[in-house]
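Input: a single structure, listed below in structure tokens.
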Amino acid sequence: MPRQNIVKTIAKTLDQQMEIDSSILVLGQDVGKRGGVFLATEGLFDKYGPDRVIDTPLSEAAIIGAAVGMAAYGMRPVAEVQFADYVFPGFDQLVSQAAKIRYRSGGQFFAPMVLRMSAGGGVKGGHHHSQNPESLFVHTPGLKVLYPSTPKDTKGLLTAAIRDDDPVIFMEPKRMYRSVKEEVPEEDFEIEIGKAKIVQAGDDVVLISYGSSMDKVLEATKILREQAISVELIDLRSLMPWDKEAVLKSVARVGRVVLVSEAPRTLNFVSEVSACISEEILDSLLAPPIRVTGFDTPYPYAYDKEYLPSPNRILKAVQKVLDY
Amino acid sequence: MPRQNIVKTIAKTLDQQMEIDSSILVLGQDVGKRGGVFLATEGLFDKYGPDRVIDTPLSEAAIIGAAVGMAAYGMRPVAEVQFADYVFPGFDQLVSQAAKIRYRSGGQFFAPMVLRMSAGGGVKGGHHHSQNPESLFVHTPGLKVLYPSTPKDTKGLLTAAIRDDDPVIFMEPKRMYRSVKEEVPEEDFEIEIGKAKIVQAGDDVVLISYGSSMDKVLEATKILREQAISVELIDLRSLMPWDKEAVLKSVARVGRVVLVSEAPRTLNFVSEVSACISEEILDSLLAPPIRVTGFDTPYPYAYDKEYLPSPNRILKAVQKVLDY
Amino acid sequence: MIKDKYNFEVFSKKPIKLMSDSGEWLADFELDLSDKQLKEFYYDMLFGRLLDERFGQLHRLGKVSFYAPSSGHEAAQIAIAKAIDWGNDWVFPYYRDNALLYSSGVPIKDIMAQMLGTRLDPAKARQMPSHPSSKKLNMFTAASGIASHIPAAAGAAIAAKIRNKGEAVITTSGEGATSEGDYHAGINFAGAQGAPIVFIVQNNGLAISVPYHKQSAAENTSLKAHAYGMPGYYLDGMDILACYYLMKDLLERARAGLGPALVEMKVYRYGPHSPADDDMRYRSKEEVDAWRKKDPLLRMQKFLAKRKLWTKKQDIKMREEIELILDKAINEAEAEGFAPLEWMFDDVFKDKPAHLLEQQKMLLED
Amino acid sequence: MIKDKYNFEVFSKKPIKLMSDSGEWLADFELDLSDKQLKEFYYDMLFGRLLDERFGQLHRLGKVSFYAPSSGHEAAQIAIAKAIDWGNDWVFPYYRDNALLYSSGVPIKDIMAQMLGTRLDPAKARQMPSHPSSKKLNMFTAASGIASHIPAAAGAAIAAKIRNKGEAVITTSGEGATSEGDYHAGINFAGAQGAPIVFIVQNNGLAISVPYHKQSAAENTSLKAHAYGMPGYYLDGMDILACYYLMKDLLERARAGLGPALVEMKVYRYGPHSPADDDMRYRSKEEVDAWRKKDPLLRMQKFLAKRKLWTKKQDIKMREEIELILDKAINEAEAEGFAPLEWMFDDVFKDKPAHLLEQQKMLLED
């Protein structure tokens, strides 16, 4: 098994699936000769040509909307929006078309499409190259939302997403595109959408996170290990549907939980997780569920480091629930 | 003081403010001769003419984006999107421009604009005339979000919104446009943005809601009164910023809370309120905070009644927290 | 048909006509439609008209919560329907396509079931009335959001180009729709890809109350084709023969791989925008009456009468027949009652995730 | 200027030129620019070029995290800057407007402070480099989202029309931007309102790697003006005099209430899209070299040399002077260090609501 980073894994997974299924095609800005601005589609244009690897005009509405039409027609488009921040010119196509065609047609039409996008801060990208808008997708009935944090999960979930018969938003942690490497099986495999991963079992506190926030969480977990604090670490991976069962099981057993996500604080995805926890297993809580999040400011260029949930902020929150 | 419904109150408030301040102008589809599809701008075109009451092309991006430019230029535009469901073609203008120009320019430019829209279900409007997308606005730093439920609050908050130097989303409960009437002072007044209203004080349970869900909540409250259950009823009115202080004070005192909002359940605005409650005052809770919400389906035409949080569903939730 | 028959003028200053207001054939090529076809054109327009009127009745009876009046649009819509190769081509319609919908071959019972929101609606009563769809006929599920179907139509056309099986895509909208960013996004992509698609604008001069001159400074919407490197045609949308021949030509061209086109059909809507609309706030009765004089059914009657294919008497009989068909369809559509609550959580996704099962349980227990 | 001087051809097939590649004056009207002005045109282009190169250096030094190379766009940008009535007109620029920014009169220290993200940036280091703004000069705060400034520009122009004080609005973008729905929304509204605005497309033939023919089937972007009922002009964007005279004319027309226009200036970018881009993946060195031969600075040198207004020696001296100015501006911009953390929560709103005060406290305690 080759050790591989996330972005290379994406390109290889797309290639593998395109070989198997000729209805899969890739579209987006610069996905052709350029191989994508992050090289996530590198090599595909040369291999599959302009009919299956389509450089689009500079319009996210065209990308997303055309993907809906292609999918309804019978293709399996994998569309790319270069940055999650740029999904908004195509947002209507996502929420009014992609998310709703199966429901509103009573199942006659559906949109087996994947919408890939790089997300997350910490890359000196300022307002428009750093955001994590997953809450907006998750709150839109009809969309599935994945946000893996490792190469292996990326492969398994991307494969599942491509084969899924519903529109799937596939968010990619851009600052970890090249920094995280692991061995990734060469053969084709799927990870079930909707299942969390218990990265590490533990008894003192449950740490819940996903996607681009996982790097800081892993750093914090390492320090906690040195402090002999036993952490149960859950990587949600899938945000819609999300694995409430796994979360409630861990939290009910441990009684203390810290939730981490770098998106803005108010209505951060982890607010939903927190609300479900207190609604369903209030009595097993030994301490308040604490959220460690980004801030309610537009993403600030100058404060790239400070905006993100730092290991230090995570540690403080853990200490707080332990001391409670 | 005249007894007046919500939609009439909007038209009169706009008129009153336009008389006072010549930089205020109204723009949107059909706001001119037609007086708006709900008549919320009735009479303004005849009085102020086409320069201050602008019928726009059929483009929400044009409406919202032009409002940003007008506001930056020095006007105070009050823009209308006919249905909250139709904000999405203009969503990029809202989140990438309106919400961010003050921050990204270091305060050099700002957008004193109001974006009005009718919202909520129960009008046989199906997917695209029924939604409550407030979570998406609230999660976007830089936007203020108001959602009153009575004529008086409508006048006070709309006046405050127009005078506010930041972009304000002004959501209007469409199914209550004409059904709710009350006496509204003729003179000019403001209600402070960010302050909740304690509609009724009580000791057994706190009911928290806002906007279009308030009609069902009031019905439920009436039944609870008959059952001699003492309800503290809070109408949030302002969702960003929202009155955490008032909420925590009531819930800490009473210990039981039911949160009601008809938007889809996952990441409903009340999920945030619930997460804050358990994070900050866990120990005062005598029962889990329960959310009564819409469902995670696209808004279904056929099940207009069933989709909405019914008085019955609210009563059941109240019973549950009382019995806990 | 392509090239060898008639050269429709691209970007013409005046609307293209093949039939004069008094029903004379104006073109310099020979009409090649059979009498049967010509009578069918008229019959379908008449059906469309009566269907529209019936929707009005159903609304007044409180049975239908909404509809989009289409009277005045019939020539355009039937011409389009007749040029389409149903089941082979793909169609992305909009809410005002009542006559087009009928003429497509969607069973009238299905149309009524959708309008009434009954159990027999193939779309399971999930949408407002006047939002058609038909998987069988490749008719995409209409949405309320103006122009939001245009990028999807472009996508289907690009897919059709890739698959290369000689399918064309047709999409319709009002003229207001052309102002939306999504319209531009879709048509521009289709243009850049040379996809087999015809964009049809039924320009009735009004977007609810907003007159065309506030919508755009382009003299007519066919000129917008310049922006997309495709031909633009400006048609008299009350001339069913002009609309038909041009559509036929453009669709053949599209199927043959000769690329997209944009067509404006100038029409007028006699009714209000919807039953909730009070159109006298923004236009006069005189304006409506003046347009009614140019009625496409009247013009076709004159055209047919000259060929002894139409009499007043036959017309009355046809109307009676159509009303009976409508009665029957309504009865059938209503036979099995409304869509049941059990369907509410289906089709959000292919399968129901845990949270939807939970919510369904919660609701059904309520 | 209006009408009485030169009739620029609307929708010309070939790019409009007033100066040949070898620097001959081609127009049939007399050049009415002073020697001083002509030399300033060249000086500003040269400054723009050196500024761009300096940004490259600062990036290689790790001091600047991003910039958008503008070499090849100088004639277009300086021509625009010279035609603007700064402080009276309103300007909605984009990220690649380095030369325009310099020529606007924004202090070079401010430019550098923005690029470096220091305390002296008037925009408080809240944005990536290459995102200018100046309240004083009515230069709207640039955003990264392509075309997202176009509707705002249209809105300002409509406001200017209402206020009627003889202000014009100018907005710039690349050609890729014209594909966005927001572009269409904005320009169409401005057209319908006859607002005083000029839309300028700096068409460098590439949107990152996507070539123009995949962007749109319109032969050039000036043709898109047809869709909006406004005149469209197709200019050689490496001819500073053609760009200047046309811009001057169009802005005067706009200020006089004669409405909007769309202009394409055909240019080329020599550098990669950004330092993160590897342009050799999608174009050849030969292509770049061929364009460099048409360099706007070279052409202007020839033009000036013919008038004895340029020598190699002077040029070298000018360059040295400019480098010194840049050195000084960088030093000044860096003098007070980076933007402090205390600023992070300012300007989300005019005043800080409770939750932001809370979050600020949380962060500063950390």
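By letter and in written order, the chains are A, B, C and D; residue numbering begins at 1 in each of them.
Note that in this section contacts are C-beta pairs under 8 Å (C-beta built on N, C-alpha and C of every residue); 3 or more make two chains touch, one makes a residue touch a chain.
Just so you know, these numbers come straight off a predicted model, no measurement behind them.
Centroid distances from chain A, each centroid being the mean of CA atoms, peak for C. The interface holding more C-beta pairs in contact, when A-D is weighed against A-C, is A-C. Chain C and chain D have CA centres that are 44 Å apart. Chain geometry summary: the mean Cα position of chain A and that of chain B are 30 Å apart. Rounded to whole angstrom units, the spacing between the C-alpha centres of chain A and chain D is 36. Chain A and chain C have Cα centroids separated by 40 Å. Listed for chain D are residues 124-127, 131, 143, 145, 148, 179-182, 184-185, 188-189, 192, 214-216, 348, 355, each touching two or more other chains. Within chain B, the positions touching two or more other chains are listed as 56-57, 59, 61-62, 85, 88-89, 92, 96, 100, 103-104, 127-128, 141-142, 266, 295-298, 300. By the touch criterion stated above, chain C contacts chain A in their complex at residues 90, 92, 121-127, 131, 133-135, 140-141, 143, 145, 148-160, 162, 181-182, 184-186, 188-189, 192-193, 346-350, 353-355. Those residues of chain A that touch chain B in the complex are listed here as 85, 88-89, 91-92, 95-96, 99-100, 103-104, 126-128, 135-136, 138-142, 240, 263-264, 266-272, 274-275, 277-280, 282, 285, 287-291, 295-298, 300. Residues 65-66, 117, 124-128, 131, 143-148, 176-177, 179-182, 207-210, 214-216, 276-277, 281-282, 338-339, 341, 343-345, 348, 355-356, 359, 363, 366 of chain C are the ones that touch chain B when the two sit in their complex. Of all residues in chain D, only 179-185, 188-189, 191-192, 194, 213-219, 223-224, 226-230 touch chain C in the complex they form. Listing the residues of chain B that touch chain C in their complex gives 29-30, 32-35, 37, 55-62, 85-86, 88-89, 124-129, 265-266, 295-298, 300-303, 306-307, 310, 312-313, 316.
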